[in-house]
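One structure, as structure tokens, below. Some questions next.
In this document, chain identifiers A, B, C and D correspond to the written order of the chains, with residue numbering beginning at 1 in each.
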């Protein structure tokens, strides 16, 4: 079984590396070729063009956004025309439900299979095979690729038979994470201005009712004011909230917290660019309370 | 050491019961006396008036709001004038920072001690001694009451020396919980209208990045549309958000998600009264999306 | 000078009628032909296809949205290919800045002129020539069409040389009007529940600091709960807020009131469809306050 | 008929001056006495204490907030105990509905009359007798004081028989004004970042559908970034929104735009203090869009 992987950012590299480390050969590709070098050393075959993917049975894609995936699949030299009949495209990117539905359709028309498999987890989790995957698509095909997915993720969940369902669920999940970030930001500003060490407050939260890595990791980054380098760039968070709101508009669903998050991301990117980690929206609550940024005011030593 | 407990709602009864079950005698009191009957059977002495608390060394209070606690402590026949010098008042209610500061001061003037010890957890957790306590006050006094607190809670956290710090931290914590409720409500409306079973979506969340009872329990209640009987009434949730916003106004801290929650609680209580569980605000997102209430449309069997 | 008019909804019919009544012949067209009958009686020539517009020097378009205008201009049989070199396209629809820029470009490439001339005013104002026009485009061309515009509007304002500027200004203007509607809705709910007749309150407003027809007309409709037939349908208001927010996203501008309006429109259309007048979003504040809809509770007699 | 006036800020001084200029003698008082000097020169009698008001038939009060009015009326040496039976207290301050109801009651118990007469208009309008007054109270008493009110305002409106009605209506009116400010701020940020001169945009608005001094005056201040000296200080605007939200909470009315305004005022006062004009909240939209403050980037010459 020939396996391909397209999109070698930090997430994609980690995921492809997991596939490789289990002995499988993997044909890898990235638009800017230098990103493939680490995987080449690990034994991957580096494709020179998307044309090379004609030989794969299963291709994974992990790209930044709709546009990147669209051009990779549907562009002039896209994989849609190169993949054989019967090939499986496993799309791990967080993309719009609209594009997901369109890819489902065009791959089917080409006699190929499309699986949506967006993931929860940051680059370090990808590296360690600890992602969570949300799967949707044809159950027979899902069964077929299950062993591969098990190398990438610590756990997979099937949400339905239509790939668009995984796309919607992933956007809703990212919305919940962004809400955690914003609400931690507001609560830290509140306790800090009230004379409480936000570290101590976070410790209570994560040792009691919010005892889960998500709150711990984002909480620590926010309290430390550490938003760079980004694990997940603000510009991508903004993109996901936009996709959520667009889908919400199509489906006619008001989403007031998402609207608020949208304005936070716009403000952050307008003022600071989109290169910070998306958790930097939490710093806006600090600023609005008239507090100094936390990086300037605190030193928590060599931890 | 004589121990007293005032305020025998579902939370207070559970907590007093834990104290009793460890062999300690407890003098209990509730404004409406019949609520004391269960504890009487368990061995508690039932006070006939607050005057009886003259003999206790430590008195716990667990009351609904500022007004109830104020009248219990500062009223004509309040405990402030009855407690001996050196007595300790452990206040477990979620009350305003202002009242917390005032009680700290008046107890000190009376030669008494005031400890703020608000709790996280619902009535069943109180019954089982599984609450989390946030403590603030004089460290020597905290050390003294530590064994008692260990019977009530699974864990205690000291946030500072000033009782008001525990008050602020507790309000911030409740704000975070209410945010979880609202964001789950919005995300469930989104996935449901997008053709996904919200149960399946919740399962993914709580088996992956939100693997914590708070998301599980509230998530299940929301998906099932089960908001009655209340574990924590909407009118109390509304009160806590009001106290948070008032403190935020005094401290000059904008809290946009809290403002949104305020409007949700007002709408819920204006339309349905305040007797539902506070998680019922999540049903407003369902309603706004034009979906039928979940109780009417789903039957999940005899669970 | 041959004049054409495409798009004969209530607004377009009123505007074309004004052109006709000043003695000019007008070639009119609507996708569903029966809407042209009133103008035919008034003397207009009814085109059978867009091909007929090859003879006009100036063509006005007044269509519902981007899609309608796009297909009319750029579609297979669109006017772009029929209009002569030198022809002027005056676009009065409220459309996206993106489409405005695109039409500017393609008309220029075809040797034609594109003027953006969106209008403020409802169908009755169109009928009476009392619209306000925001103009942007080549100043020489604007000077040339000025006499025609004077028949349509009570006043015109040039905002710049780039058509996109009129498009942006119009969206910002509609945002301000929608804000008026929402804020009136909230204030009426407030005074009404406080025991004040909202009519009396509105009277004070519009006889003092808000002495302008916009507040009067919308205020009266809201107080009377009269949202049908629509002067401007909610689905169109929703569209305009969407275009505003999309432009705001491209330009990186948070717009918190606009986000709130978006959620109001989504809720209204999800619950009641989009056929009511857009001022019906004001009824949501009434509903949220637990008040009965105003139409059911008040009788203002035979006015 | 003896007339008194208490509270000689810029608003009060203007109003008292109007009463004086019509030939009436006026007994004036301010807590800090130097503020009375201009009126003394104009012929006013300056009271040395509130005790002096024992001789007046009608006393006007124009004070900053609840606390100031409360101490003036109900304090140890307050006017409640000095005024004769039958005296009329005309309260022009914007205060809470709660205090309004309380004053109505205590004055009635003292055999005195209480009229609520809050005003719309800024200091220059007060000086010129161009205020608008919202009146509520006993109709016979209103008839009696009507000639005096006609010197102060260009027009008066009776909203009801209960003073609290004027209080509620005034808060709702101020909410509408603050909404205008915020929405202009957002729209100016939008057009400016889109390449349009906000002056030109404002001109269109105020020469067409928003042709009313309120939009003109605030719009010009916002476009010029001129927020100092304040006509109405941000800290007072914040107070009014707080009173509105508190009344809304008591009456159970969600007010989403008001919630948003609350956060704007808190941010402004946390970051810049409360001394700027309340229209300075409009500068936050500019800041959030990543634009420079308008004062730094524009020079509109010597106007």
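Going forward, contacts are C-beta pairs under 8 Å (C-beta built on N, C-alpha and C of every residue); 3 or more make two chains touch, one makes a residue touch a chain.
Worth saying up front: this structure is predicted, and the values here are computed from it rather than measured.
Any chain touching subunit A that also touches subunit B appears here: C, D. Comparing mean CA positions across the assembly, the chain most remote from subunit B is C.
Looking for a copy of the C-D interface in A-B, A-C or B-C, one arrives at A-B, which has over half of the same contact pairs by residue number. At the interface between subunit A and subunit C, over half of the residue numbers involved are used by both copies, so each side presents largely the same positions. For this pair, subunit A with subunit D, the centres built from the Cα atoms lie 52 Å apart.
Note on chain placement: the centre of subunit B and the centre of subunit D lie 40 Å apart, centres being C-alpha means. Within subunit B, residues 248, 252-256, 260, 263, 266-267, 270, 288-290 each touch two or more of the remaining chains. Against subunit B, in their complex, subunit D makes its touches with residues 242, 248-249, 252-256, 259-260, 262-264, 266-267, 269-270.
By the touch criterion stated above, subunit B contacts subunit A in their complex at residues 97, 120-121, 132, 134, 155, 157, 159-160, 162, 164-165, 168-169, 171-173, 175-177, 179, 182-184, 186-187, 189-191, 193-196, 200-201, 203-205, 207-214, 244, 247-248, 251-258, 260, 285, 288-290. Against subunit B, the residues of subunit C that register as touching in their complex are 263, 266-267, 270-271, 287-290.
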